[in-house]
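Structures given as structure tokens follow.
After this come two complexes, each holding chain A, first together with chain B and then together with chain C.
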Partner chain A sequence: MTSSRAAFAAILAKDLRSELRTLQSLPAMALFSVTTFVIFRFGLDRTQLSGSLAAGVLWATLLFAAVLGINRLFVAEREEGGFDAIRLAPIDRSVLFSAKAAALVIYLLALELVAVPIFALFFLQDLGGLAPLALVLLLADLGLAATGTLISSMAVNSRARDLLVPLVLLPLVVPLMIAATGATEPLLALGGPGYHRFGTWLMVLGLYDLIFGLVGYAVFDFLLED
Partner chain B sequence: MYGKGLRPLSIATVAMLALSLSLVFFYAPLDADQGFIQKIFYLHVPLAIVALVGFVVGGVFAIAHLRTNNRKWDAYSYVSIHMSVIFGVAVLVTGSIWAKASWGHWWVWDEPTLVSFLIVFLMYATYYPFRYAIEDPERQARYASVFAITAGAFVPLNFMAVRMAQSLVHPRTFGTANGGLPGEMMLVFICCLATMALLWVTLVKFELTAKSASGQVKRLRRAIDAPAPGAASRIAPEVS
Partner chain C sequence: MAPEQEKASAEATVPAIRLAGLRRDYGERTALDGVGLTVGAGQSLVVLGPNGAGKTTLLRILATLLRPSGGEAVVLGCSLPDEAWKLRGRIGYLGHEPLLYRDLSGRENLRFHARLHGITGAPAEAQIAALLAAAGMERRADERIVELSAGMRQRLAICRCVLHEPELLLLDEPDSNLDAEGRELARGLIGPGTGSTRVVVTHDPERFLPEADQVLRLGIGETATVS
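Up next, the complex of A and B:
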């Protein structure tokens, strides 16, 4: 148990340090989301957003920005031999799944720390919904990290890496997006945040996180065998 | 060796198809509300149920593959999903026809069952490019099993999420307090459901037999050093 925890901490620290030094995912994700907001501003021809439109723009942008990071999540492992090192190390391989998912959650939180204030600055009039929105963001990030890590680890060993992640991940996260936009919509409604079915949607998000966290943890072993 | 019992199974399927269709057209009462078009229900709903069960069955075979590491189960999983995707096309087409006749539109978005089925169908449609992108056959089999298990867990969750997002306008035919099907309709429906399940099993068995036969031919050719005619499929698993 302690060795697993140590391995988890080591892999996570390695990932965060290499991201901090190379900055190959996060700036691109943040830049992408800001540009997408600008495109939505002209695509929808709106300067103010609220309710379902605001929720849709926010979540579509965050999802596509997340896909950029998910695409690159295992590239270093494959190109620099990280997979071989994990296979050689006397540790439980599922640790790689949890460490990578944790790294992805941190990337997504960092992305949202930049993207959501800019979104609010660009489009929102009422900022009261942002505090409860943080909870929705956190729960959705956990689910996105679980499925994203699983798909990314498979896609990176295929011929069509950049193609497979969006192709397979998008249908897989549809329930997550339904719940996330469902919870966000009343929060960003015109005239103050509402909490219509907020708890129900949070429960769906939690259920999604739980199911795909467990599935990913259970099947990840088989992806590293060779 | 997969061909054993295929002939009686096929005959039984054809007989059941004939029986079910004649029951649908000559025995089942006309729906008071929707009239003749409602009869597509006997085709559409069993197809949908069989396709969804087939997806989950593919996931169960995938679990068997990962547990035993026997490639046979990967072939079972592949064929189950393959057949269910084909059934899924039929479900979407018949559902569209029914929607046009009953609600006046080919596609209705505030219709949870239709939308969930579309999402599940899209999910499984990515199974093919996914398999195709992985070259090493053993890794392909393992990854495909992981995909099948993940997608199998996704099916019920997706239905729940979509249903919660929308109003309930789909005809809830079963289990409603004062609704429910009259006895004759229920009988025909169960007969159709059994037929579709039988059809699915027969087609799965057919494809497995074909794959096993072509695998055997390939091995025999290799034994006498004759080159195989044409390239082998890169995504369909071989059956021994």
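Up next, the complex of A and C:
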């Protein structure tokens, strides 16, 4: 058996190289989020947001931008035979789940590097909450990556892939979004960041990550069977 | 007899492929039914039959990419599907799709497959260079797959198929898209001289029958025959 670490590195490096070369996912995700912020800015007719409204605008935008990347996560494996190649190789198939989830986390972090500063520019006057927000973003990204990878691998063989991913994914990430907005709300409060129940929401995010990470790792092997 | 000799003797007598009453259904349609044969180690089996007779299905079952619906299949001493995991890395599969990523170059693709099979560093680079030379692809190896012709992709797919020196080669129309030079080069990589057990699916019996030890004829709705 090839070591899982070597196989993980090979698949992740392949995915990142392909994305850097083709730019099929990241630019679309970034453009979508920027456009959505513009729509919110003019739709709400507000130049400043805070608290729950700010958290809602930020997370709704990031979530729908993430769906664009999740939709495309396994397209190359399906259309270019990657699934067969991985099933023929002497590797633990769950490595594919880990590597794809890691790639998605990197895409989401790259997206947030673009989207969060623009969000701050459009809507925030106090930037003090952005540093602790990074922890919330990371934990939410891990959960989104675990769930998104699982759903994307199931939907990729369907012709209705673009419809299936949001239909199945969005209900599953409701708890994640509740926790993420709950943790973000005090950080973006009017008058500077607060930490009311911040730790509790972080623990909920961590628990979600753990559960869906383990579920994905456990069932992924079966999903690759014919 | 010493234990090592006993093991070697046992391996020599174990057939590479043993099928009995093999069946595969897709819903209510039966794609393959009642296939039985034994292929010795190092032998070549040529599979013939019209479109839709189940040739590719048979190959994918042997490659562990499909589960049989019934019957018995033992490949390299491993019973399918229960022991399919033991076969990973021991089979070279050349299907209709080249299993190459379009946006990576040929060399990058081969490196990726080498790493999946645990071949890394200098040995991997040497192996890849040797295969590219043998396939006549050294000069085009750093171009993206999407920029190559179908014949060149097939040459790279053959390199990918034999990169990990498999014991069993499963070849679905191996000559497709290849010109005369490509066919000759391919023969050196996946021909009978490699010593691997081979299963070759083809619509070109004149080309492959001379190198066959056995021939399996599949028909639509007919019993498979072995000669």
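Things worth noting here:
Note that the second predicted complex is superposed on the first by the 224 of 226 C-alpha atoms of A that agree within 3 Å, B and C clash if a C-alpha of one lies under 4 Å from a C-alpha of the other, contacts with A are read in each partner's own complex, and residues count from 1 in each chain.
As a convention for this text, a residue touches a chain if its C-beta (ideal position, glycine included) is under 8 Å from a C-beta of that chain, and two chains touch if they have at least 3 such contacts.
Here the structure is a predicted model, which is why all the values come from computation and not from measurement.
Taken together through their common chain A, the two structures put chain B and chain C side by side without a clash.
In the superposition on chain A, A:18 contacts chain C only, with no contact to chain B.
Touch criterion met: A:7 reaches chain C, while chain B stays clear of it.
Between the Cα centres of chain B and chain C, as seen from that of chain A, there is an angle of 90°, stated in steps of 10. When the shared chain is aligned, chain B and chain C each come close enough to touch A:225.
When the two complexes are overlaid on their common chain A, residue A:87 makes contact with chain C while staying clear of chain B. Once the two complexes are overlaid on the shared chain, A:162 sits clear of chain B and of chain C alike.
Distance between chain B and chain C in the overlay is 7 Å (nearest C-alpha pair, rounded to whole angstrom). Common to the chain B-facing and chain C-facing surfaces of chain A are residues 225-226. Residue ranges on chain B touching chain A, taken from their complex, read 66, 119, 122-123, 126, 129-130, 133-135, 139, 142-143, 145-147, 149-151, 153-154, 157-158, 160-162, 164-165. For chain A in complex with chain C, the touching residues are 1-3, 6-7, 9-11, 14, 17-18, 21-22, 76, 80-82, 84-91, 225-226. Per the touch definition, chain A reaches chain B in the complex via residues 147, 150, 154-155, 157-160, 163-164, 167-168, 171-172, 174-175, 178-179, 182, 200-201, 204, 207-208, 211-212, 215-216, 219, 222-223, 225-226. Chain contact summary for the complex, chain C toward chain A: residues 63-67, 88-89, 91, 93, 95, 97-104, 108, 112-113, 115-118, 120, 144.
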